[in-house]
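Next come two complexes, and both contain chain A; in the first it sits with chain B, in the second with chain C.
Moving on, here comes the complex of A and B:
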């Protein structure tokens, strides 16, 4: 098992009047090669949860295992951080070096890689996020566009060569083109490198067609942990906590309600359009 | 990162007569208190002032733990003061420790100066415990306004203070976020010698500065687009007004302070 959380609870400012429980009895395990969507309304504990994955936060109760070794006991948090790459929200705010190369090299340098190794890793990571190594390596990260800065920041985590990549709302604040680019890069990474990915989001449309497993978090505990289509069949419960099912699924569900024969587990607009066109053709005939 | 446990300069919300007192009165009284602390020359005077402060803490519904925690950063300075006076004051020797002679005058002086420091710090922290930062800057602005004739930008100074205070928590949150992001990339802020540690702060400080400048730009833009142009001709939503209770409380405290000074002079 790549990552395992065993009955994890976490309280901020424990033993003070300001104590606030953010996670309650979370048990979850993640295998190599999975693409997981982590979804929940604002304040449900998503960001707190992922900081437990690599030892940035230590649970007030319960245990975290990375590759079957308990974090903080059998494996140092620093080592866990190399294995589980964590990309924070608005990661472009962490850029600090004079050049794109220097910034992406920060992680591998902290790991103690040789200069040759660093160059190989930086080159590979930048290509992964779709930035040309030769034209970007010497530019200042502060002269790039928002989408490019974010991709440089993601490359900075990829250069640690983690087994698993966790991204907290990687598309927030980007335009639709930047959003599409990041998501397609993630899909590509997952397929070619079989990198394990956890994508945190509050937007169902975004994760629905990418993830093969969804974890829904609400008020610090896991509400659902299942295949997307099985979860979307519980539309009512999702709406109660302020989440929605993908718009395409919602449309198809109303079609099914009206007796149309359409598949239920479809999330992509293009495919949906084809199905509806076929349906329309049949009706005309 | 450890949660900051410093209480000096913090506000303790409560509904007490002290909290509702006009901030200008509180600022003036605090200044007077400082004068009194320096004018008092005996332990009886300190006891009187201490009693007065205890009364304020009681009426202001402040927790004693806050007062004590506020004094905690002072402990080394207090120890240093006491030891210095103990060792280096000539006079009647009461204790001989090898080459060290501890005198009665040394003990007296040491305790005297420690008492003065404790009273100064806890007295001034009572002001910030019972006054919101906004009230405080409003009061300072008002008290500075007579000096505008000498080109002291009272309003601008107060506005700068308000903004600085407003952004302290924001920047603390931001610092923690950047720290965690860099730790996720293998940064180590805790080990190594002083030079390594100073160097390891670069990945924290550069993004923080970028963030501060960005926020400053945005704030300036937001203020200008709402037609802010400094204090000239500006009216306020909550104008400070002295009421009967403010005069009464102010006068009563002045009388008590003067009494304490008189007691302490001899």
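Moving on, here comes the complex of A and C:
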């Protein structure tokens, strides 16, 4: 197993009057090659949870295993961080070098890679995120568009050659083109490199489209952990906790309520058009 | 009325990295309007927003609020009281440790008498449906609630114009809905003029007018249906149209007669049900 959390609980400022429990008895396993969407309302513990994946936070109770080795006991947090790459929210705020190359090279340089190895990794990482090495390597990160800056930040994490990439709302604040660029690169990485990906998102359409498994977090515990189409059949429960369902699913559920024979497990607009045309076929000229 | 005439704005003028961010903008926002501003990253949306209350001053042209020009230093404070701004990050805008004290911050600085401040704070919190949280510590609130407190702070200043720069971008679906419903309420019930900048094209449903910015210019300006119904044009401006508009477009192209200007799920359901 690539990652395993065993009965993990976490309390901020434990044993003080301000103690706040953020995670309660979380048990979850993630296998190599999965694409997981992690959703939950604000304050449900998503960011706290992913910081446990690579030893940035140590659980108050329970254990975390990376490749079957317990973090902090059999594997050092620093080593776990290399295997599980975390991309925080607004990662472009953490760019600081004068050139794109310098920024992406920062991680592998800290790992002690040789200059040749660093160059190979930077080149590969920039290509993974769809930025041409030669035209971008010498540019200042601060001269780039929002979407480009964010992709440089993601490349910086990829250059550590992690087994798993965890991204905390990587499309937040981007326009539709920037969003599209990031998501299609993630999809590509998953398919061609079989990179394991955990995507934290508030956009139900986004996770419905990409993930093959969804974990729903609410008030610090796991509410659902299942295939997207099964989770999105729980529309009422999701709305109760402040989430939503994909818009096409919502359309089809309304049609079902009105007695039409359509499936609800559809997420793509093209598929939706097919089903509707089948249903109303006789009306097409 | 906020009147913008011949507004151009250049970042880093005279330097190598000089950028023309706004290029000869002419625009008027009337009292009582609800305007949604869309546009890709770098189209000039935020730069435009920062001109509404003189956070940025025009390189050329003029911005005036109720007849007061942002060029006049002595009118700037009056303008900033008339035009309140809410930004992306809810955590960066709250200054006090108790919700009602945060809302009181603006009117206190305006020198309002204590009785008046109390009244304004109560009214403002009630208008955003946050009265029961008056004594809460802000860090205990959700993102949507924090943004509503930020909006209350502006209402307490008796601002007529509310300019919001991507206030929903960091919120979960419920938080987004809360903020949008609050804005609609303030617009309809309190007559507050709203200029809402967003990347979420679906939020245009709440507006009576949509402005799409592109390369520092106003590329589209009209009612949401008219502005967003033209799928190809909207796409060419870097905006993905609402998903149901795209679906309507697909269906029409393949011969099914549904209106082209469908914006949300409810309208699509109605259109399809009227077919059967």
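Here, the second predicted complex is superposed on the first by the 281 of 285 C-alpha atoms of A that agree within 3 Å, B and C clash if a C-alpha of one lies under 4 Å from a C-alpha of the other, contacts with A are read in each partner's own complex, and residues count from 1 in each chain.
Throughout what follows, contacts are C-beta pairs under 8 Å (C-beta built on N, C-alpha and C of every residue); 3 or more make two chains touch, one makes a residue touch a chain.
Treat the numbers as computed from the prediction; the structure is a model and nothing was measured.
**Q** Counting touched residues of chain A, say whether chain B or chain C comes out ahead.
**A** C
**Q** Now for A:110: first (chain B), second (chain C), both, or neither, which partner does it touch?
**A** So A:110 only meets chain B here.
**Q** Is A:160 in contact with chain B, with chain C, with both, or with neither (first, second, both, neither)?
**A** A:160 contacts chain B only, not chain C.
**Q** First (chain B), second (chain C), both or neither: which does A:59 touch?
**A** It touches nothing on chain B or chain C.
**Q** Could you say whether A:244 touches chain B, chain C, both of them, or neither, answering first, second, both or neither?
**A** Touch partner of A:244: chain C, not chain B.
**Q** Kindly classify A:13 by the partners it touches after superposition: chain B alone (first), chain C alone (second), both, or neither?
**A** First partner only, chain B.
**Q** After lining up the shared chain so the two structures overlap, which partner does A:91 touch, if you call chain B first and chain C second: first, second, both or neither?
**A** In the superposition, A:91 contacts chain B only.
**Q** A:45 in the overlay: touching chain B, chain C, both, or neither? Say first, second, both or neither.
**A** Neither: A:45 stays clear of chain B and chain C.
**Q** Give the list of chain A residues in touch with chain C in this complex.
**A** Those in contact with chain C are residues 40-43, 89, 143, 145-147, 169, 172-178, 180, 202, 204-205, 242-244, 247-248, 250-251, 254-255, 258, 260, 269-270, 272-273, 276-277, 280, 283-285.
**Q** Spell out the residues on chain C that touch chain A in their complex, using ranges where they run on.
**A** For this pair, the touching residues of chain C are 17, 39-42, 88, 142-144, 166, 169-175, 199, 201, 238-240, 243-244, 246-247, 250-251, 254-257, 265-266, 268-269, 272-273, 275-276.
**Q** Could you please specify the touching residues of chain A with respect to chain B in the complex?
**A** These residues of chain A touch chain B: 13, 16, 51, 54, 56, 78, 81-82, 85-88, 91, 93-96, 106-107, 110-111, 142, 156-157, 160.
**Q** Flag every residue of chain B that touches chain A in the complex, lowest number first.
**A** Against chain A, the touching part of chain B is residues 3, 177-178, 180-188, 202-203, 206-207, 210-211.
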